[in-house]
Structure formats: structure tokens, C-alpha cells
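Okay, got some structures for you below.
Two complexes follow with subunit A in common, the first pairing it with subunit B and the second with subunit C.
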Partner chain A sequence: MVTANLMSERRMLIPNNPITGLLLAIPGYFFGVWLGNVFGLFDDQNTGVILGYTVATAAFLVGMGFLNYPLTRLLGWPVTPISESEPDAGLSRYFRLSLDHKVIGLQYLFTILIMLLLGGIGAMMIRSSLLVPDSSITPPGQYIALIGLHSVMMIFITSAVIVGPFGNYLVPLMIGARRMAFPRLEALSFWLVPPAAVILAVAAFWGGFPTGWTGYPPLSEQAGQGMDSYIVGFGLIALALVVSGVNMLATIITLRAPGMTWTRLPIFVWGIFTTSILGMLAAPVLTAAIVMLAMDRSVQTSFFLSSNGGSNYLWENLFWFFGHPEVYIFILPAFGIVMEIVPHFARKPLWGYRTGVVGLFGVALLSWFVWQHHLFVSGIAPVLRPFYTLSTELISIPTGIIFLVVLGTMWRARIWFSVPMLFCMGFLVNFLIGGISGVYLSDVPTDVTLHGSYFSMAHFHYTIMGGEIFGLMAAVYYWLPKMTGRMMSETIGKLHFWWMFVAFNSTFFPLFIIGLLNMPRRVAQYNPALQGLNIWVSVSAFFLFGSMVLFAGNLVYALAFSGRRALANPWHARSLEWQVPTPVPAHNFDRVPVITGGPYDYGMPNARPVADFGGIRGVTSGA
Partner chain B sequence: MAHRTGTLDVLPADEIRLDARVVSAGVWLFLTADLFYFAAWWFAFFYLRALNNNQAWIMQGLTRPNRAYGLVVLLLAIATAVIFVGITAGTPRTMLARTLGPAALILGAAACLFQGYAMWHLGFGLTEGGYPSVFSGLTGSWLIQLLFAVGWLTTVAAQAGPAGDTVIRPESAAAFGRILLFLAGVGVINYLLLYLVA
Partner chain C sequence: MKTIRIHEADRPHALRLLTIWLVLSIVGVIVALQIHIPPGDQSIQGADQSRTMTLMTALATPIFIGVVLMIVYSAFAFRNRGPELVDGPPMLGNTPIQIAWITGSTILVLFLALVGITSLASSNVAQAVGAPGRSIGQSGGQTGSGTAGGSGSELQIQVIGQQWYFTYRYQDYGGVETTHLYLPNDRPVELHVTSLDVVHSFWAYQLGVKADANLGVDNVIHVTPQKLGSFQVRCAELCGLWHGAMADSSGKVVSQSDFDSWIQQQQQSFTDIQKAVPSYAPFYFPDPLTKGS
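The block that comes next holds the complex of A and B.
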């Protein structure tokens, strides 16, 4: 019989909070540096720095309490089942190790918003530097370091910005589960992110790294110790992606409530499902590449050193085998958000639900066959180019299908233009521009011309910021009432949307023109004839940042000052997560519900209630 | 017999059955991810071997690691996996688990120690070309994962008492056996590549 025991992992000697984590991480860092310097004296301290970061992270996790469970097992003490974890209360639970998916979702949300602020400040510094055509504001070395820090920080954020907060918080609620499959792994996936962000930020003290987010050798092999931050930080994020992917997929596969068939699964969950497949399979390849780079820089192997039997193309292939699915890790959950939110505000069933799912899988599948389009200008065999051009262009078909599903749902609907809906519509406009500009970059002749220019930069900002971040905003406005019990101001929200939409397009659309006029990326100096356009872009970027400040103000006001409590279902939505009380009970559902209807059956005369919350006694899942 | 967990009555048997399904799915998913990790190393092996940049895949006069020694490590890893899978298959038998569990543990620890010793005495420097790079990285990755697996095996053995987790949730212990089998399989592929194909 499984019983709780007084000597549970929660009562072990090691507490589970960041203070003990930090207390162990600091000596851990110095121990790692000492160890590395003992064994790696010949390598400019790279071994020491890499080991320092690694040991510090491991020590931080031990201090957070992640060793308690294995130690409990090792000592032969009875293991406490997850379902017997005591429900936590109070604000303090957000600052320590928690196994509650709702706490972890909010931990993710606020951590990532803080990181977004840091990445945004980096963007403002870049745009400030580009107010003048020479490098008088930021010297070239500092400029490229700034580009690297901004880009990698943003990649860290965008990898997790939807799956982390909303995937963790909502997936169990949407599928009728009382928990995630592996709560400890779920917590681990979150607690790997803060050390990764700190280690990356520390690179600034080492002079940053000159490679941008791609880390190409031989530059990355020659770079200073700032590059070690890139290595360990990216390694931790890759690990978080794998852990999160395994957890999400196992949850969706095994913990669905009775009646939650695959064809009743909310489309957002399908978005998380396909994203998790990509993260789980692509990130291990990055991890292997990162280990190779770390070995080249520390123990002097030669994976990427052509003169000694290696090849820099090995890095390019491995990195982009991860890197291109990675961009769909950004956008697939945003597709899921848009397809999820639009039916609720169009008050119509999702048009072509199955087609939408096929679209998500089509994007996920094709994303494995396009990576070499990033190598068009690296000198890959010409015979390979047509295939990768074709496969890249093919990906616009499932993407178009997803657009069709959304537009079909909105067709002739009486749309409720709420703030989440506005952000969904903004997403459609922005991503359309981003997607179409991507078709040009998939063609070899135009890519060879535009690859290193601001055209490419404008393209991926349209897809990532115009797409994913607009999706994020839609999600925050839509689900925040359920997650926090507070409503954000609708008026300020609408102002935020229009401000952000106009400022975003004013910032990034001129970059297409600047790119066509041959202004190169990652260079602090540019042709003085382009100064007028660059001033326009910089000023617009400052306005864009201002819109985010307005968003932050709206959020803080709603959470701390407004006192306006949200209704349990303020949008009158049908989907399962809106049927539970707010705040959501510790175990989500008193009994695991029996799902009896689809989440989007709006306006259907014979639509049944979405679930029977009486459940079946003793049933813990229906999958 | 039901007991209270928060606000829900859950039958322990149901919870255990659910847990078994979750762990089983999780292990398969993890192994799929891990396969991609090792596939990246195998790709590096074939890529660098095929390019042979500067004729430095295997430099002239390079002493390769001893095949027989590598085989001993591999056999120890296979034996660990086979014994563990043997004792966790079917109905758990506590006595068998108590005796053979430690045996699997000793074999696994021996595999790690032997592999660690081999890596400390490679016979070549890591700077000596593509093959030494791939050998050290691939074998090192395998060794680290085997170390973690043996660490977990220790906890499984420690929980083999009558009320231990290994006996209460045998399916979870059996699912862990797949990880050991997987690592043994990867070890076989690595051996073929690094000692025979290279």
C-alpha cells in the first residue's frame, strides 16, 4: 500500500528554495573553476569556466532540493507519491521548488517576462547605436557582443515563452488531468532557465561573444571566455527543452480524461504536442554539438578544426538540424494559441479542426528537411540546393492551411473584438508578411543576395516577434484571468495592441527596404545615406519598447492594485479549463471529469456540455 | 482500499497502474530523444571520417585503443542490462531482486570503472585528429549516461525491500531496464564504429 511517510523528501535536510541554491552555487562555481584549472591549464581557463558554470548549476539544483528524491530512494525510505504532495499556499511557493504545474506555469511566466525586459533593453541599446552611421556610440567589438547577448537571450525566451507558462499551466486543465506526468521533471525544466539566463548575462563581464546565436566555428573556438557562457547557457536550455518535451508528450498521451479522445483535444494542446516533439528530438542534437564545441575549447579536440581532421561544416549541419526546427518550436504553439482563441471570440466551431491538426503536423514534419537552406551561402554542394529550396517552399503549404483554418473560422462570424482577438488578428497580418518574405529567402538567388542583410533580419523578426510575441500577448490577455484571478484592463489592453501593432510594423517593415539597400547585419557602421531610415527605425523601436512598458504597467496594475477579480469564465468559453473555479483548486478537478463534448461546439443545436464533472470514482485518467 | 488525497478518493491500485503507464511512456520518449543525441555523434563520426580533412581523421602512427579491453567493457554493460531486465520481467520476486539487483549494480559499476580507466589511458592525445575527438566525445557521453544509469540502479536496488518502491511499482523498475538495454545497444554500435569500422 502506498502511504505518505513522515520522512518524505520534503522533510530532508536540504531545503527547496533559491537561497540555499545560491549558497551552494557560489562555492560550486569556484570549485568547478579550481577543478578545471587543475586539469586544463593549457586552455586559457576555458575548462575552468565551463566546469565552474556546470558545477554551479548542479549545486544550485541540489540547493533547490532536486537531490532529495534520489536520496530518499537511495536511503530506502518510502517514496511519497506525487498525488500526496501537500497543497502549498502563499506567495512563497512561487520562489521555491514546487511540483504543482500551476505554480510552475506562473514561475515560468514571470521569469520569462523579466528576461524579455532584459532582451528588450539589449535591443534598445542596439537601436541607439544605429542612430549614427559610424561606431561612435558603441565600438564594433562591443556592438557584436551586444548582438550576441540580445539574440541568445531572446532565443532562450522564445524557446519557452509559450510552452513554459501556458503549456505547463493549461495542458493538464485542458485535457482533464490532475497533474503533469513528471512533476519533478517539469520543475527541473523551469529551474534550469534562471541559471541559463544568469550564466548568459555573465558573459557581458567576459566581453561577450562575437558569434551571435549561431556560434559558428572557427570564430567560436577563438573567442574569449564569454563564449563559455554561450556553451553552458545553451546546453542548459537544450536540456530544459528535452525534459519539457518528454513531460508534455507523456502527459498528453497518458493523462487525458475519459472521453478526451484525440479528436476532442483542444487545438492549443495539439500545438504544444507538435512543439514538444520538435523540442524533444532537435535539442539533443544541439546538446551533442555544444559538447563538441566545449571539448574543442577545453580539452583541445578538433571536431570543428579543418586543419586537424575536423570541419566547421559539422557544426553548421548539427546546429541547423536543431536550429530550423527550433524556429517552429517558437511558432507552432503560437499557431495553437491563435486557432484556440479565435473560435471562442468568433462564437463558431473551429473550421477544419482536423485540417488544422494536419497543418501543425505538416509544419513539424517538414521542418526536419529544410535546415540546409541556412547553408546556401556557406558553400554546400550545388546539387543539394534545389531540394532545400523546394522543401522550404513546401512548408508554406501547411502554414497556409493553418491560416485557412483561422480565416474560415472568422468567416461571416460575429466577432467579439476583445484584446486577445485583436492580438490574434495582428498575428495573422504580421506572420503573413514574415512568411511571404521567407519564401524569397528560400530561393537560392535571392538568398545569396539578401542572406547577410537586414532583409533576413526583418523576416525573422516578423515571424518571431510579430508572430510568437503577438501570440504570447493574446495568451496573456486571454488566460491571465484563469491563471491569476485578475482581469487586465480592456481599455489599456486595446491601446497596448494598437500601439504595439503600429510601432512593430513601423520598426520592422523599413528594415526590408534597408536590407534591399544592402545594409549588412551585425555591423556597427553603415552607409550614411541610410541614416534617415535608421533613425526612423530606432525611434519606432523606442515606441515599441514603450508599448511593452504599457503592457507591464497594465499587468502590474491588474495584479497588485486594481482589485478587480476575474469571473471563473469571463469569456463564456466552452473549453475545459474555463469550467473549473478560479483560483483553480490544488488538484484541478475534484474527480477526473468525463468529457462529453468538443471545446468549440458553439452555435450547434445538439451540442452537449463539454464535460461531466461528477467523474467516475477511482478513475485517474482515460487515456 | 481508498485513501484521501486532497479532495479526491483515489484507489492506490489505480494510481500505481496510472504511474506505470506514465513511466513507460516517459521512458520510450526519453529513449527517442537520447537516440537523436547519439545519432548526432554517429553523424559526426561518418562525416569527419568521409571528409578526412587534411588527412587527419586518423593520423599516421596513431595507436588505437585496445579492442579486447573495449569488448570487456561492452560485455559488462550488456550483462548489467540483461540481468536487470531478467529480474524485473514479470512478477517481482523480492528475493531474486535482492540478490541479483546488487549483482547487476556491481557489473554496471565495473563497466563504468573499466571505461573510465580506458579513457584515462587512451594511448593517443585528444589533439591528434578527428578519430580521437569522436572517440573521446562519443565514449565519454556514453560513460556519463551509464554512470547516471548505474546511480539510478543503486536507488532501485535500495528500494528492493518488501515495502520498497521497486516492489510496489514493478512496472516502473521494468521500464528503467529499457534504458539499460538501450545503453547496451548504443555501446554495441559504438564498439562497431570506433573499434572496427574506423
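The block that comes next holds the complex of A and C.
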């Protein structure tokens, strides 16, 4: 009977898979273009292209099967509750619409790693071009197209790289739930990402877009059809952020197992919680701005054109009102990862758990009050500058708290130097440099020289790549055994860490100096006196890419060739997600567990086991 | 508030860390103070930025050394050397230390913000950093906040950004337009930065000046050159295809007499040009007819 219902839910008229999705998306695109060209009032193609991408995405989602459930309900056919439905099995489930948070987590992980490879190749092309001070390797048009594609691709990735794979996979396991609160929204948040990435990549065929990730008008209104990819792609990612934020918050608030009090919540879940608040509230602002930009480009409104009564400051403010919380959307889950992983390898309780949570909330709260520090030299009202200097510098207080918590956890510990721990320590050093350089940028007098230079570029690469991506690496090495049942090689992992750490710093530290020496961001031509330093940076960047190739090799070897099965709890960690068997059972827990102890109670003489897996009779869902 | 009592077992570690930190910090701060940080002293504003950056570096060095030292020290002193996994002491936190850390970082942050804001408020930096953007056409004598001496004594120059070069319009010399920026030494300058198309950013590197150029907006900044020499002008906001080439290294700070003869030459050639082509920009601020010399 279960199967029958699944049939009615899944197989309506057509088989639902990405190929069907693609087969529907292509005519969808042409239908959208036709519609735009018929009803578009103007002879440029922007209306058609924007509608084409939008209709194609919608058609793709229909082909994936997102309409089946609403239609089933609409027609009054019986549906199976998710908690009773049989899960998919086999490799093909990773290519279908799945409502299992574990499948979605892995779908996210591999999609994003592939996108990371694309973005990384873009970075290598940029660095190749900068080997020479003129644009003889890459023509300037291709160069600005490259930086646009690299930056937006990386922003897509970093928005979701931790919340997507690890948030979706681990949050239910960590809080003792059998699923996410809204599994269909969860699936939607994932299936919006591949179309966004494809639409963005398609921009290359239109010659890219010239604005970088900031998309400042009037340049973005002057740009060709590549800009429409930016608009629709970014819009889809914003939608995914909102959907995933709502889902995470609902899950964490309502589905915690009995006994999983707020003070027993693993700190990683707090990281996801705070980042979800930011995503849910910030992304709609971007959506609004994106829609205005789309209308400016297609139906000739002029929200951002000062020549027709609009203002490009409106875009700059809306964009950064989203953009600054956005960078904390990147980093808060990475803070969570570091504070989560360090106790397990230090073999000590998290030092100052509550203070750490306060630190996360402090960062999340303050992130709303700093956005105009991106506009210090734009001609904003000068009375605002002292306030934004102060508010920006205040963020170092909650960030400092997070450092204190980690340092306190390592104090007099018995540190087990495993690869995840190494990446956490690398995170601390890199993020420290990123944070300190941020103070230079928050101060108006010094920002006058540093704004828009390679200094700020080095700053955000230190925080995002040195911070978030190092956190991601720690997470992959740490949780991969639970997620895939395979363990990555520790020896290659250590080599990978040191290689990546040295190459990363060798790549990005000189960029602070290059920025101080008068090299602006996003230029294809630069002062020939800086060629030596740029060659150094480029060569280091190639080495950095090499370390990522090593990582990819390690990952592929572990998954496909090593054949070694990981233990259920290879790190001897106390937290809940390690207490379930590997592979994780279909519904995580046979019964919803009763949480009886904290996740980090190492060395406590009377520590209780973390949970009673017998559960309470009759309780099948949490909290 | 409870005083911070250091646990027996912590004492040797704390003492060792403190000693190493003090030694390294003193060395670090001395080294940091030696580093010459751009933009240098070609203008009063640039010199102030260099000073502020040196101060920040000197303050940041002990913090950087302290945190890295704690990470490295933990890595060596607190590593598990045995083959067995051993649990550490169950320390859950220490309220006095947390309060001390938060208080310390708050004081430091407030001090840094105070330094930044006071130097921003002092007349020198207020000139460099600029005054509110103002719509073109809204004429009047309004100048930026904190301008020393008022606008009367300042040389008025309009900086016009377009894809992909800057044009300079010398208001006080009959609206003569040039493609290179020459400034007389020791004279305060008021730059009116605007754009004819997309957003540009006027960056005169050695002068410590940066201001965005927006269509229809008059972004006012002030600069007082104090040393003869040349400077670089670059666009610092992505503005399209040739953004990277939107640079000019022949900006010059010259003596007043050199400036006078240069501007005369420019006026002459500009008169010839003007016979054939009208003034470049469709609109100007301040109005050239009322303020021309």
C-alpha cells in the first residue's frame, strides 16, 4: 500500500528525474524568450532572456516532481505521511527529488564541490591573466567576465556550502529528529541551486557580465544579456536561502528530541540557527533589489538610474544591507563547526558554552548595523561615518568571544591532532588575520586608501576562504565517515592541510601589500612595478589549487576505491550524531531518543550517556 | 566582582605564555613601527592615514602575536602524546576570565573607534574624507563639514569620470579642462567628483584621496598637498571593459608659479579647442559662469 501511494505521489504522468527536468526546461526557456519577445515592449532581448531563465527553472522543478504533491492533494488522492513512507535506495536516489535530509545533504555536498571546482578554475584563469601587467594573456572583456563568474559562483557556493550539506544532514541527527520540519522545502532549497549554477554558467555564452558580484548600476543596466544570468541566478539563490532558513529555524525550534534543552544543543546547531535567521531576513532584501534591477533592464523602469529620477545609491544600500549579513551567513556556521569540532579533539567540554552562543548571536545582531562601511567613500552623509565605524569595530567583541571559547577549550587539553583539528586551528589563524585586517577597513581615514583595493580583496578571502572553506574542510574530514561510511586518509589529509595552509597564506598575504601599493581590485592591467609580487601570488595560487586537487583525490579515493568502511564513531565523540549506526538508518532513530546528557561532557566524572535510545513509547517525533 | 584566581595547574603555562608574549610583542611593536605604510606624506590627509595605519598596526601586533601564540602553545604544550585517548580536565568556563576578556576587547575596540572618529573629525581628515554628496544644479556655497578656512581659499576643481578616463575642470581658471591633474603645493583643494556614466571612483593614491564618481552627484572631498612630486590617479570602482586601464601616472604637485604657467598654457590650448568643440561635460558644478576667475 505504501508503494502504491508513493506511486501516486511520485509518478504522475512522467518519470521525475533531472533528464525530464532538462527536457522540460529547454522548451520552457524558448517559451519564456518567445513570451518576452512578443509581450516585451522594447527591442532588447532582456525581457525574453529573464523570462526564459525563469520559466526554464520552473519547468525544471516541475520535471523534478515538485508539483506532484500539491496536485495530489488538490485532486484529493491519498498521500503517505513522510514519516511512514519507504525511503529510496540505491545511487539513483541522489539524482531524484528526495525528501530524506541525508540524501539532500549529500546532493548538496557533491553539487557544491563541483561548483567549487568551477569557481576555482575561474580563479586560476584570473591569476594566469595577472602574470603580466597588461592584458596580453586575457583580453579585458574576458577578464571582467571571468571575475564576475568567479565571484558570483563563489558567492553561490559559500552561501550554502556549510548549511546545505552539513546543516541538512546533521541538524536532525544532532537534535534527535527523524526529519526536517519541511522536507519539501528542504528539497526545493537544494534543487534551486543546480539551475542557478547552470544559469550563471550560461552567462559565459553571452560574454559574461562586467560588474563583479556587486552588480552596481548603471554599469549593470548598461551590460549585455550576461547580466540577466546574474539576476535570475542570484534571485534563485536568495530564494533558496529564505526557504532553507525558515526550514532550519522551524526544525530546530520544534523538532528537538525530549531532553534536548536549549543548553544541550550542539553549538554547531546554534551556528546554523543564527545563520538561518540572517538568511531568512537578509535574502528578501536582495530579492527585492534583484526584481527592481530586472525591471530596470527589461521594462525600462528606473529605480537605479539617476538620469531618470532613480538612484544608484538605492541599489548600493539594498545590496549591502543584504550583503553584509550575507558574509556572516558564510561565517557563522564555520564558527559553529570550529566550536563543535574542537571539544571532541581536545577531549574537554566546550569552555564557556553559553558565552559562545551569546557570541554567535552578538555577531548576528550587529551584522545588521554595519552595511554602510562599504559606502564610506561613495558620498554618503558624513554624519553616518562615525556610527558605522563604531558598529563595525564592535563586531570584533563577539568574534573575540568565539576565539576565547576555542582557546579556552584547548587550554590544558589532551589535543588529538587529527586532520579536522588541524583545519580548525588553521581557521583560527586565518580568520584572525582576516578579522584584524577588517579593522583597518572599518576605520574611515584608513579605508579611504584601502577601499576597493587588493587589501579589501585579501581581507575577504582571508575570512571566506581562510575561514569558511577551512571550516568546510574540517567538516568534510570530520563528518564524512558518518555521511558516507568512508574515512579519508589521515596521512594525505595532513599533507593536504599543511599544503593548503602554506599555499593559502602565501597567496593571500602578499595581496595586502599589493593593495597598499596601489593596485585596485578587478583590474586586468596594473602597475608593472607590481609584477614581481603578482607572479609570486599567481604561482602560490596554482599551488593552492594543487592542494584542492589533492583533496579531491583523497575524497574520490576514499569514496570509490579504498573500500575501507569507517567505524560508526571513529573519533570517539560523545555527541548524538555519532551514536547512531553507519550508514544512518532510514529514519535516523527507531524511536525518538531521550536526551540525557550534554554533547561535550568529556572528563566529567559523573557524565551521563548522551541519550537513551529506547525512547518513550508512542513518541515518534520530537519536542 | 570576583578577582581572577589562577589555578595551580595553570600557573606555569600562564607565566611562560606571558613572558614569551611580552618579549615577542615588544619586538613586534618595534618592528611594526619601522614599517613605512602608504600612502605617505604627499598631502596632509595622506600623512594622517599613514599615521593612523601605523598606530593600528602597532596595536594589532600584540593581539595577533598573543592569539597565535596561544594556538601554537596549545598545539605543543597540550597535545596528547600517548597512544590512548585521554580526557582533559572538565573545565566548563571561568566567568572572571570571560568578563576580563570581554572588557579588555571592548576597551580596545572603543579606543580604536575613538582614534578613528577623532581623526575623522579633525579638520585634516574631514577634508580628505569628504563631505556629503550633493546634486548637481543645487548651487550654493555649501561645503563639507569641518572645512578649515571655508571654501573661498580652496582651489575648486571638478573631477569628471567617464568610461574610461578622468577629466579635470579648473573652476577658478575659466573652466579650463585638462586630462592630467596638476595641483599647486600647500594650497587646500576642493575636488568635486562626478561622473557622466557609470560609477567610477577617483583614487589619487599618493594624496590619500578616494571618492566615488556618481552620475548626477557632486561628491566633495578636500586635499592639501604638502610635497612636490608626481602622483597616480586610478579608477577604483569597476566601471566596465577598460577599468584596469583607467589610470594616469602624470598627476603632479607643483609650486604655485609652475602651476600658474602650466594653467596658462592649458587655457590657451583650451581656447583653441573650444572653438571647434563645446565644453565636454553637459553640466557642471559649481557653475562656471558665476565662479570663473
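The rule is simple: the second predicted complex is superposed on the first by the 607 of 623 C-alpha atoms of A that agree within 3 Å, B and C clash if a C-alpha of one lies under 4 Å from a C-alpha of the other, contacts with A are read in each partner's own complex, and residues count from 1 in each chain.
Keep in mind that, in the parts below, a residue touches a chain if its C-beta (ideal position, glycine included) is under 8 Å from a C-beta of that chain, and two chains touch if they have at least 3 such contacts.
Fair warning: this is a prediction, and the values are worked out from it, not measured in the lab.
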**Request:** Record, for the superposition on subunit A, whether partners subunit B and subunit C clash or fit.
**Result:** fit
**Request:** Could you tell me if A:135 is touching subunit B, subunit C, both of them or neither one (first, second, both, neither)?
**Result:** second
**Message:** If we overlay the two complexes on their shared chain A, which of subunit B and subunit C does A:407 touch? Say first, second, both or neither.
**Reply:** second
**Prompt:** Quick one: subunit B or subunit C, who's touching more of subunit A?
**Reply:** C
**Message:** With both complexes superposed on chain A, which partner does A:585 reach: first (subunit B), second (subunit C), both or neither?
**Reply:** first
**Message:** Going by the contact rule set out at the top, does A:307 touch subunit B (first), subunit C (second), both, or neither?
**Reply:** both
**Angle at the Cα centre of subunit A, taken between the Cα centres of subunit B and subunit C once the superposition is applied, in steps of 10 degrees** = 100
**Message:** Is A:563 touching anything from subunit B or subunit C once the two structures are fitted on A? First, second, both or neither.
**Reply:** neither
**Message:** So in the superposed three-chain picture, is A:90 touching just subunit B, just subunit C, both, or none of them (first/second/both/neither)?
**Reply:** neither
**Prompt:** Counting only touches as set out at the top, which of subunit B and subunit C does A:178 meet: first, second, both, neither?
**Reply:** first
**Request:** Give me, in Å and rounded to a whole number, the least C-alpha distance separating subunit B from subunit C in the superposition.
**Result:** 9
**Asked** Both subunit B and subunit C contact which residues of subunit A?
**Response** 306-307, 313
**Footprint of subunit C on subunit A - complex, ascending** = 135, 140-141, 143-144, 210-212, 214, 216-219, 222, 306-307, 312-313, 346-349, 351-355, 376-383, 385-386, 389-390, 393-394, 396-397, 400-401, 403-404, 407-408, 410-417, 425, 428-429, 432-433, 436, 439-440, 442-446, 448-449, 451-453, 516-518, 520-527, 572, 601-605
**Message:** Quick check on the complex: what are the subunit C residues that touch subunit A?
**Reply:** 9-10, 13, 37-39, 45-46, 48-49, 52-53, 56, 60, 63-64, 67-68, 70-71, 74-75, 78-80, 85-94, 97-98, 101-102, 105-106, 109, 112-113, 115-117, 119-121, 125-126, 128-133, 144-145, 193, 197-199, 201, 203, 205, 208-212, 214-217, 219, 232, 234-245, 247
**Prompt:** Mind pulling up the subunit B residues that touch subunit A in the complex?
**Reply:** 1-3, 5-12, 14-16, 18-19, 21-22, 25-26, 29-30, 32-34, 36-41, 43-44, 47-48, 51-54, 56-57, 59, 126-127, 129-134, 136-137, 141, 151-152, 154-156, 158-159, 161, 163-165, 168
**Message:** Give the list of subunit A residues in touch with subunit B in this complex.
**Reply:** 1-3, 70, 73-76, 78-79, 81, 83-84, 87, 178, 181-182, 242, 245-247, 249-250, 253-255, 280-285, 287-289, 291-292, 295-296, 299-303, 306-311, 313-314, 317-318, 321, 585-587, 589-592, 617-621, 623
